[in-house]
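Which chain is which? They are A, B, C, D and E, in the order written, and residues in each are numbered from 1.
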Amino acid sequence: MLFLQLLASGIQTGILYALTAAGFALIFGATKIFHVAHGATFVIAGYAFYECIQLGMWWPWATLVSFVMAILAGILMAVFIYRPIQRSEGSFFTVFVAAFGVSIAVQSLIQYFFGRGSVTVSSSLTMASEVIEGLYLAPILAVAIGVSIVLFSLVVLFLEKKNAGLGLRALSENPGLLEAFGLNAKNLTVLAFVIGSALVVPAAILTSISIGIQPSSGSKVMLISLAATIVGGIGSLKGAALAGLLLGIIENLVITVVDTQWSEAVSFFILFAFIMFRPSGMFGAPVKR
Amino acid sequence: MAANAADRPESALEAQNLSAGYDDHNVFENINLDLKKNEILCLIGHNGAGKSTLLKVLFGLQPYSAGNVLLNGQKIVPSPSDMAGHGISYVPEGRGVFPGLTVKENFALALWSAKMTGTVADERIEEVLGILPKLKDFWTRRAGQLSGGQQQMVSIGRAMLCKPSILLLDEPSIGLAPKLFQDLLEPIRAVQKQRGMSILLVEQQVGEALNVSDRVVVMKSGEIIYRGVPADFEGDHTKLMEMF
Amino acid sequence: QSGPYVVGTLFPMSGANAEAGGIYTNAVQLAFDHIKEDNLLKGNVEIKSADSLGTPQGGAIGMSRLTSVDKAVYTLVGFTGVSKAAAPIGQRAKTMMINGGAVGPDLASLSPYFWNIIPLANQEVKFLIPWLGEQNIKKISVIYVDDALGQGIFQELKTGLPTNGGSVTSAYSVPPDLQQFSSIIARLRNDQPDAIYIASPNISQIGHIIKQVRDGGIKQQLLTYGAANFPSISKLPESEGLIFTSQGADWKSDQPIMKRFVDSWREKFKTEPTTYGLNYYNGGLLFGYLAKGLEDAGKPVTGDTLVEELKRVGKFELAGGEATFHDGTVTAAMQINKIINGITEKIK
Amino acid sequence: MSNVLLSIRGLSKNFGGLAAVQSVDMDLQEGVVTALAGPNGAGKTTIFNLMTGNLVASAGDVLLHGKSIIGKKPYRIAQMGIARSFQDLRLFTHMSVRDNVLVALEPESWFWQPGGKAAWHKRLEGVEKALERTGLSAMADKRAVDLSYAETKFLSLARILATGSKIWLLDEPASGLDLHSRNRFINILREATAEGVTICLIEHNLDVMTQLADRIAFLDQGKKLAEDVPDKVLRDPELIAIYFGKSQSGN
Amino acid sequence: MINYILNLLTLATIYSIAAASLNVLVGYAGIFSIAHAIFFGLGAYAGAQFALLIVPDVLLASLIGAVVSGALSLLLALPALRVRGEYFVAAGLGLQMVGITIFSEAHSLTGGHGGLVGIPPATLFGFDVSSPGAFLTVCLVALLISLAVIRTLMRSSFGRALMSIRDNESAAESFGKNVPLLKTLAMVVGCAIVGVAGTLFAFNLAFINVESFTLEQSILMLAMVVIGGVGTLSGPLIGAVFLLILPAILTFIPFIPPTEIGTVQQFIYGSLMALLMIFKPSGIAGKTGGK
């Protein structure tokens, strides 16, 4: 029963990871932009939702506002931070440091306007009850599963049916050539940021309900997203999502064998192990050396 | 063979007094080039003459500092997506394929760019595979795993997909075995004759290129120093090559 | 010489623990407002704030600035890591340091210039254990961060509980920045303890644990230490019924100093006062008393003389009652609180 | 009969189901320029990669001075005196032209090179000589990325020239060059062979091939179909059909 | 004032050493490490333990710090030899996170979260060098030596070999470069130097715990290198001074209510970082407009 319980909580954690990781993976996979500020988008989405609820808004509207804010944040960063840097041939690390700067700035802005503590949106969805003997589940688990399945299906469908997925993959390989094909690399970059940032929204909302969100929540999101992206295989959206789910489950299950203070480090052990023994990740193409 | 007023309506893509370059230096200034409808125009010149730059400017990949670009006699400011929309294809110098995508996916991308779907798309693929039958052999392999020449084949095939009315080819022969180069040029020439297409061909393999060209233009250090027809040289192209 | 006396504050003003820094700063400010109103001192007091970022390095830079640029003679600090990094710098510069927030037991002996105006955590647990015995709460599970605070509390529980017939049934050590406790909660459910003690230096983490434990359907009594005085914990709906120790602070007391503190706090900050606020308020007052003593004796006000004065007097009438200082720390009254209908009430 | 420096025996390479190279034998004789010709995808580059250890052979052997070097790491093989160029050049893009060449002259992978000051000066001299011969002296301080196309081709050659290796494997070194540059290129290679360098050359340009090659090995679909002096190979109607197609057969 | 400035300068000097050593990995060898704070920490713990248990001689302790950090850098070399680019960034991240957990749990070596307290004042050959001025001098000398070592190595064939690997690994191999060996050596050199910086850091603070070796620290060091100018000698120094002095200067901004100081400072700090990268992508000391 303990196992089942841990599995359930693992799935819930994992879904949050999967959603954020998929967003990060999509952006990174397509644009090669190491979007460290993905965590900032997460925090913005979470606070937007919280603030709207505080203002008495009906939750679907609040969700909508949260989507708009996150997507807007993504687009702004793509256009005003990353584009100028990439135009001047900024290296991987130039982008990294700029994105890091943005994260700090966003974090302090949120702190300034919303305070430093953790905020939580109260909801009856998080109250667990005994479903079967010894297994406690909260309705939010079902919501999370439902939302993530719908969202992933939508995104995957969009990417595959609309050829946009192909465009994004091509973008990751050679944006210049994309232009020679007559496609617009800038628009595709923005598209990647729109979808990637949108994916983070449900995760942010679920987190603000189930755990609570604070200005500094972004960094953990970023780390796990990054780990899942690599474990899943760079360029594979499904891989990242599955890896996120898996990391969440393992993080929970692992405490049956190791002490609790190690549970977080285990995700990174796994990351390390993957890089050592299967650098292409679960679904990636073999790494070219 | 300078363009006179009567030729105007026939022009497909034209550069008028065009100047362009990089950061600090101009590669060419006040250049005039007129690609007529249904002709193959061969542009040759030494390394660094500015041929690729001109092609890039015409396709909108590179900004120009002065002059005009005319498409079918209309003044335009070229941008890659517009040009593609107008049925103009460009084959860049070097490996013009996405190495991580399969040949099929490379094609799908080009079809997407040309907004072709369904049966139209299938027909186009059929036709190109008819021109370049070898493509079938590696249809589902990643382009990056192909040999240099095979990649070049994919690149040209892809450019033919959107049924282009104008084709800009930048040194398609690099890395191609002579037979393959011919195998490539001949069907293109055939298609061109059959349904009409303007081709601007930049080449170093002057002999082969002249065999298929209608006109030839020589560029030297950013200036056009000669305009003529292949017959001027009666097969002895060394004379032409010594011009630059 | 009569001032201006420079008093420094070294609190985290940004980052995860900035909430605490804000409250501490307000409290110190309030104390000096009162000192000024009373014309207690001849000299003016100037407050200089430095952001410790809550990290040792930030603390070191901030402390070094306070001592050498601002020439603070008296500095209020908080947080264990910061205190440890600041103590040697303060000692070198002969600045008196007062901690009113961190409760790691190892803070007692950092430096002769370093004094705690807050009873350290082990004292709180010592006070709690007999009460647990009375309530027949025997089996305790502990969720703790493996630092001085957590260890102090954990050790105290482990040795203290058996004397009252209780025991620690299970203990979970967690990293200080963990936010997600579902796996621990699953195991807690199996442990079936009578109560769960939460010992983390990270205020938002305590909040996360409380919320997630309750959401997870665990109904057992929750226990923690004085950190629950922070609104982000005490105002959580899930904190209903939470029991925690803190130093004695009877907000309804009619001791004039206390009454004045409580009233002005409510008026000025529109929130309920907390023991942390109280401690730093007292930290401010303490400086007033020490400096006054020195002024009266015609001595200069320096870190050295302040420490001397503290040792000489030993006992001070501060908000909440008389406080006795010895061995680098303070002995003060303790109390047990329970959150009932969102309000913190003293139950013992 | 001249001395065989490098030879391959029964060399094969499969990529998944694709037999890119099938049991190829070939000898590179001292001072002889051997051209590898054949249609695209014939396996020419793959043979180079097998010889230099960049790919691991599925079967067969590579012998240097009669000793097997199969399974050795690329850097070991390079240190044994085999220098190669790449179809896609692979310059050290952000280093200066001079450093691009200098680095090729410093084989020791340690904190310092043996030989002290004297050796250092000798290396510098080597660099200047290589730059001069390839006509790059004027742009020695430019970064490789800032070179024009033709210059990058010559830099790629300068690196190899400087190593002092006696065996060169050149993968389409002159492709895309104009007539003038091509002739310069051919001259440099001629000089090198005169100094005793053994060259194996992949080339699609007939001019270059006929002007340089002493022997041509003809490959198709991973198999070696012929190896002989150019006159013979270029007269074989079968090969011509494969390589040049019909219209060129009179050439 | 003077002591504060000395203190800041000391810290800036220590971080300059750290950033310069990271530059060996990032700028020259193309090894994108974001676990540098772990090696900084290894040096700090090793040096501090040596000072606590044996003798607080800053030279000996630094050597110990360098040796321990350099030796354990082989841990990082392992993945570095297998993967590159973003994959290696992720490996570094894994090492960083696991390393922090180990630092927090290895109580007997690191003092856990509580850290190591009471590191004795530094001495050199028996003389006390713990006064701010003297210790700054010690740190400056260490910086000069580190820079001299780095400069000599990077201008030698070793540096060129590293750069050739950075630019094109397979080509470097084809010119006889033993890539795994060179990468490992670069790693050992970089990490040994940061080990020295770590030891000096421990002496300077007289107290160390995990909070000084977190991912944020690693990123801060990286930011120093990038903001200063990757692959340049002076870049890391400029970056270190800039990123350490800037927040200190920001504390002198008047008119900010004390409760908001931190927030405003952080906002300015973060925005400046982003803006610098937009307008000076190759770093302050880097060549402009270069591609």
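Everything that follows uses one rule, which is that contacts are C-beta pairs under 8 Å (C-beta built on N, C-alpha and C of every residue); 3 or more make two chains touch, one makes a residue touch a chain.
Predicted model only: the values in this text are computed from it and were never measured.
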Contacts common to subunit A and subunit C (chain labels): E
Path length in the contact graph (subunit D to subunit E, fewest steps): 1
Farthest-lying chain, centroid of Cα atoms versus that of subunit A: D
Two chains sharing the most contacts, counting C-beta pairs only: A-E
Distance from the mean Cα position of subunit E to that of subunit B, given in whole angstrom: 52
Chain centre separation in whole Å, for subunit C relative to subunit B (CA means): 76
Distance between the centres, which are taken as Cα means, of subunit D and subunit B, whole angstrom: 30
Residues within subunit A bordering two or more other chains: 108, 111, 261, 264
Multi-chain contact residues (two or more partners), subunit E: 101, 104-105, 170, 260, 262-263, 265-266, 289, 291
Where subunit C touches two or more other chains, by residue: 14-15, 18, 22, 146, 175
All pairs of touching chains, each written as two labels joined by a dash: A-B, A-C, A-E, B-D, C-E, D-E
List of subunit A residues in touch with subunit C within their complex: 1-2, 5-6, 9-10, 12-13, 108, 111, 115-118, 120, 122, 126-130, 134, 136, 138, 210-212, 214, 216-217, 220, 251-255, 259-261, 263-264
Partner subunit E, residues of subunit D touching it in the complex: 52, 54, 73-75, 78-79, 83-84, 86, 90-95, 99-100, 102-104, 106-113, 145, 159, 163
Subunit C residues within the subunit E interface of the complex: 9, 12-15, 18, 21-22, 25-26, 29, 47, 49-51, 53, 55-57, 60-61, 64-65, 67-69, 80-81, 84-85, 87-89, 93, 104, 106, 110, 145-148, 150-151, 175-176
List of subunit A residues in touch with subunit E within their complex: 28, 32, 34, 81, 84-85, 88-109, 111-112, 219, 223, 226-227, 229-230, 234, 261-262, 264-265, 267-269, 271-272, 275-276, 279, 287, 289
Of subunit A, residues touching subunit B in the complex: 163, 166-167, 169-170, 172-174, 176-177, 179-184, 235, 285
